[in-house]
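Below are two complexes that have chain A in common, paired first with chain B and then with chain C.
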Partner chain A sequence: MNVLAWAGSAIASGIRDVGRSAISVLEELGALTILSGRIFRSFIPPTLDGRETWRAFYKVGVKSYAIVVMTAMFTGAIMVIQAGQFVAKASATSFVGWAAGFAVLAEIGPVLIGLMFSGRVGANNTAELGTMVVTEQVDALRALAIEPMHYLVAPRVLAMVVMLFLLTALGDLFALLGGAITSELLLDVPMRVFIQQVVDANLVDEYLLGLVKGSVFGLSIAIVSCHFGLTVSGGAVGVGRAVNNAVVVAAIGIFVTDLAVGLTWNFL
Partner chain B sequence: MTAPILAAQGLSKCFGSRKVIDGVELNASRGEIVGIVGPGGAGKTVLLKLLAGLITPDEGTVHAFGNDFAGLDADQRAAVWERFGVLFQNYALFDFMTVGENIGFPLEQRRRGDEVGKGAAAAARSAEIASRVAVRLREVDLPGTQHLYPNELSGGMKKRVALARATIADADVLLYDDPTAGLDPVTSSKIFALIERLHPVRTGITVVVSHDIDRMLPVCQRFILLDKGRIRFEGDRAAADRSTDKMVRTFFDSSARLSGSDKTPIGVHRQFSSIELLSLKGGRCSPPSSLEYAPSGAQSKQGGGLRRKLRGVRSISILSDPLSEPTADEPTADEPTADEPTAASRVSR
Partner chain C sequence: MISFQNIVKAFGPHKVLDDVSLTVPKGQILFIIGTSGAGKSVLVKHLVGLIRPDAGRIYLDDVEVTSLSEMALYPVRKRCAMVFQHSTLFDSMTLLENVALPLRKHKGLSTKQAGVDAMRRLEQVGMAEESGQFPADIGDGLRKRVAIARALTLDPEYVIFDEPTTGLDPMAAESVDSLIRELSDRFQVTSIVVSHDLRSIFKVADRIAMLYQGKVLLDGSPADFRATTDPVVRQFIEGRPEGPMVFPRKS
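Our next item is the complex of A and B:
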C-alpha cells in the first residue's frame, strides 16, 4: 500500500513538474510573441534614433565580422575534410566542390555563423540591456520621455537582422575559400578547380536560402536576446541567468527556424 | 490651496506576495518640497517610481498635472514625463555616453522633438546645450568633466552628474531618490543647497527621498515617514516635534538619532550594563562563531534585558532596533534618552 502511495505521489509530482515546465515555456513563448508585436509596431512609423542605430550596426557588424570570417573558414575546411574521405575512396574528387559548397551554403554556414553570432552578439545584447534594467537606465529613459522600444530595441533588432544577412553573405564566401585552401592542401584538388566545381554546381538557390536563413536567425536572436535582457530581475545574478537563458533559447530558436525556413523553401 | 501637481490616491503595490506600498495617499502642491523618509525597505524608492509613473500600481491612482497616468496613451505619457526630472538611486547614467552627453541628453531629445533640423539653427542649439551643460557641471562642482565616461567617475561624481541631468531641462516635477547617498558631508550640503536652489518654486514641486534628515530639515517643507509601505507620519517639522510616536521622534529628533549612532564602547552606557560577555577570546578577527541571546530583563533595572554570549571574536557591533516595539522577550523598562544608546554600540577588545 505504501509503495502504491509512494508511486502515486511520484507520478503526481512528475506530472506537476511537466505541467509547470509546460506553463513556463508557454509563458516565455507568449512574452516573446508580445515583444515581437511591440518591436514590429515600433517600426511603424520608423522613428529610430540615428546615433543609437549607427552604434548598434557598428557593434553588431564591424566588431563581429572577424570572428564570423574565422568560423566560416574553418567550417569550409571541415566540410572539405569530411567530404574528402568519401570523395577520395570513390575517386570522385570532381564532386568535392559541389558537396562542400552545397552543405556550407544551404545549411552548415548559416547555422554555425548564427550560433557564433548568438554567442557573441546575442549574449552581449542581453547583458547590456539587462545591466541597463538593473541600473535603472531603462527607467531613466522612460522618465526622459523616451520609449526604450524605439530607442534601444528597434535599432538592435534592425542591426542584427541586416548584419547577420551580410555576415552570412560574407561568411559563405570565406567558407568556400577555406574549403578551397583545404582541398588543395589535403586532397590535391587545386583551388581553381574547386572554385570551378562550385560555380558549375550552380548553387545560387542554396546561397539565397542561406541568406534568408541568416536574416531569420538574426531576427530570432534579436527578439530572444532583447526579451531576456529587458526582463532581468535580481541584479548581477539575474543578468548572468538571463544571458545563459538567452544563449540556450537562441540556439534552440536557430534550429527551429532552420527547419521552418528549410521546409518553407522546399515547399515554395 | 492650489490644486496638487502630483496626487496619489490609495496606492498599493505588491512584488510577489510582499506588499511594498499599502494604501498611500499623497498630494504635493505647487511650490512644495516634500521629503520622504523611513527605514530601509519601507518602500520609499517604489513610492517614488509610482509617483513618476514608472511602475504601475496594483491599486490606486497617480495624477500628474491632473492627468491619471493609467488613462494616458504613450504620447500623452511622454508629454507628462517631459515635465519630470528624476534622479535615480543607482545614478542611471548611460554608460555609452560621456558626462556631457548624459547631461545634455534631455535637451538633445527635445531638440529632436522640436525638429530644429540641420544647419545654423541646429548648430546654435547644440552650442546652447553645450553651454548649459558646462554651467550645470560647474554648479555641481564637476567643471571640465564633459568628456569623461561614467566608468571613469567615483560614486559621488556620478551622483552629481545624475543630479545635473535630472535638473537641466527645468522640469516642473523633480524627484530625487537618495541624492546624497555615499557622498561626503560637504558635498551633501552642496547637493541639498542645489536642490533647494533648483526647486521650481513657482511652477512645480520637488520630492526628495533621503536618509540625510539633518540636511532635509531646513530644505523640505513637509515630511512623509514611510514604514512598511504605509504612511506613519505626514506633516512639517513642528508636527514631527509634537508627535508622541517614538519612531517619528527617533527620525526627526537629531539628539535621539545621535544617541542611536553612538559608537562609545559597550559597558559605559547603562543601557547595556546587563550584558555579560562570556569567553571573549582574542587573536582572531572573524565573524562570531556563535552569538547567543538570552532574555534576562529581570536582572537589570535599566532594562537591557539581553545576555549575549560571544565566542571567538575580537569585536562585534551589537545592533538593536530602536524602532521596533518592545516584545515580551525584550522588556524595556525605560524609554531611551539622549544619553542612552539604543541603535548601535561597538564592543571592542
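Our next item is the complex of A and C:
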C-alpha cells in the first residue's frame, strides 16, 4: 500500500519533471530563436567595429587551430584503423582511402572539429560574455549608447562562422594526412597510394558537404554560446553554470544540425 | 531638468522603490543618500533605462524616458552619462582604449584622433601615466577616475555619479568633488550623485534627498539636513549605529 503510493507519487513526479524540462527546453529554444533574429539584425548596418572584429578573429583562430589540427590528425588515424580492419577482412585494401576519406570529410571530421571548437571557443565566449554581464560591462556599453548586439555579439558570430569554416577546410586536410601516415605505418599501404585512392574517389561533394556543416556548426555554436553568456545571472557561479550549459547545448545543436544538413543535402 | 514621478520598482516580492518622486533643476547637483541596499543604484539606473519601473514616469527635459524603446534610449544616453558604482571598465582594453571608445563610436574620430583626445582626458583625472595599463592592473580608486573620464567623453548635459568617491583617498575624493562642482558651475551640467561621503555631501550638494524604506524620507538643502529633527535622518548623518533606523535586510 505504502509502496504503491510511493511508486505512484514517484511516477507522478517523474512525469512532472519531464513536463517541466520539456517546458524549459521550449523556453530555451524560444529564447535562442529570438536571439538569432536579433543577431541577424545586428549585422545591419554591416559596419562592424574593426577592433572587436579583428580581436574576435584573432582569439578564435589562435585558440583553436592547434587543437583542431590535432583532433583532425587523430580522427584520420582512427578512421583508417577502423576501415583497415574491415577492408583487410574483405581483402580490399585499395578501398581504405575511399572509406576513410568518405567518413572523415562528410561526417566525422566536421563533427569532431565542431565539438572541439565548441569546447574551446564557444565555452570561452560564454565565459567572457557572462563575466561582462555580471560585472555590468554590458550595461556600461548600453549606458555609453553602444549597442551590445552590434558591437560585441556580431563580430564574435562572424568570427566563429568564418573560422570554423576555414578550420574545417584545413582540418580535413590534416585528417587525410593523419590517415595517410597511419595507413603507411599500420596497413602497409604507402602514403602516396592512400592519397591517390582519396583523389581517385573524387570526394569533392563530401568535402563541400563537410564545409557546409562546419559553417552551420559555427553558427549554432555562436548563437548558443552568446545566448548562455548574455543571460548569465548570479555572479561567478552563474558564469560556471552558463559555460556548462553552453557546451552541452552546443553539442546537441551540432548533432541535430548535422542530421538536418545531411538530410537536406541528400534531397538536393 | 530631471524628474522622477512616483517610481515604483520591486524585484520579486521585494519592493525596492515605493513611490519615489524627485526633481533636479538644470545645473543643480542632487545628492542621494541612504543606507546600503536602500535602492539608490536602482533608482539612478532608471534614468538611462537600464532598469524599467513597475509604475511611474521619468522625464529628462521634455523626453519621457520611461516610454522609450531600447533603441530610442540611445540618443538619451549620449546626453546623460553614468558612472557606475563598481568599475565597469572593459577588461579587454587598455585604459586609453576605454576612454577612446565612445569618442570613436560617437564623435566619428579615427582611432588615432580618439587616442589623442582620450589622453588629454586621462590627464585631466591624473591618469595619463597609466594609460597603457589594463583595468585589472590598477586599484579600484584609479579605475573609478578612468570611469569618470570615460563617462564625460561625450560632454553630457546630465551625469549620474554612483558613489564616485567611495574607495578613493581623501585627496582624490577632493578632486572628484571639485570636478563635479566645476561641471555644474562652468558647464551647467545637471548631476545626481549617490554618496555616503558626508564630507563631500555637505560641501558639494545643492540639494540632498534621503532614501529610506523605498521612499524619499527628506528632500532639502544641506541646511535643511543639518537642522532636521527627524531621528532617522539625524542618525544617518551623524553616523550612529544605534537609533530608530531599520536596516534593509539583504535580499
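The working rule: the second predicted complex is superposed on the first by the 256 of 268 C-alpha atoms of A that agree within 3 Å, B and C clash if a C-alpha of one lies under 4 Å from a C-alpha of the other, contacts with A are read in each partner's own complex, and residues count from 1 in each chain.
Note that in this section a contact is a pair of C-beta atoms (placed from the backbone, for glycine too) under 8 Å apart; a residue touches a chain by one contact, two chains touch by 3 or more.
These numbers come from a predicted model, not from an experiment.
Undergrad: Answer with clash or fit: chain B and chain C placed together on chain A by superposition.
TA: These partners clash in the superposed model.
Undergrad: With the two structures laid over each other on chain A, which partner does A:120 touch: chain B (first), chain C (second), both, or neither?
TA: It touches nothing on chain B or chain C.
Undergrad: Is A:144 in contact with chain B, with chain C, with both, or with neither (first, second, both, neither)?
TA: After superposition on chain A, A:144 lies in contact with both partners, chain B and chain C.
Undergrad: Per the contact definition in the header, classify A:241: touching chain B only (first), chain C only (second), both, or neither.
TA: In the superposition, A:241 touches no partner, neither chain B nor chain C.
Undergrad: Between chain B (first) and chain C (second), which does A:135 come into contact with in this model arrangement: first, second, both, or neither?
TA: A:135: touches chain B and chain C.
Undergrad: Looking at the overlay, does A:38 come into contact with chain B only (first), chain C only (second), both, or neither?
TA: Neither: A:38 stays clear of chain B and chain C.
Undergrad: Determine, for the stretches 55-63, 271-279, 307-315 or 325-333 of chain B, which one clashes with chain C when the structures are superposed.
TA: Looking at 55-63, 271-279, 307-315 or 325-333, the stretch of chain B that collides with chain C is 55-63.
Undergrad: Taking the contacts chain A makes with chain B in one complex and with chain C in the other, which residues are shared?
TA: Overlap of chain B and chain C footprints on chain A: residues 55, 132, 135-137, 139-140, 142-147.
Undergrad: Report the residues of chain B in contact with chain A in the complex, numbered from low to high.
TA: 49, 52, 54, 74, 77-79, 81-82, 84-86, 88-96, 105-106, 109
Undergrad: Would you mind writing out the residues of chain A in touch with chain C in their complex?
TA: Residues of chain A touching chain C: 49, 51, 55, 132, 135-137, 139-140, 142-147, 151.
Undergrad: Once bound in the complex, which stretches of chain A touch chain B?
TA: Chain A residues touching chain B: 55, 131-132, 134-137, 139-140, 142-147.
Undergrad: In their complex, what parts of chain C are in touch with chain A?
TA: 45, 48, 50, 70, 73-75, 77-78, 81-82, 84, 86-92, 97, 101-102, 105-106, 111, 150-151, 154
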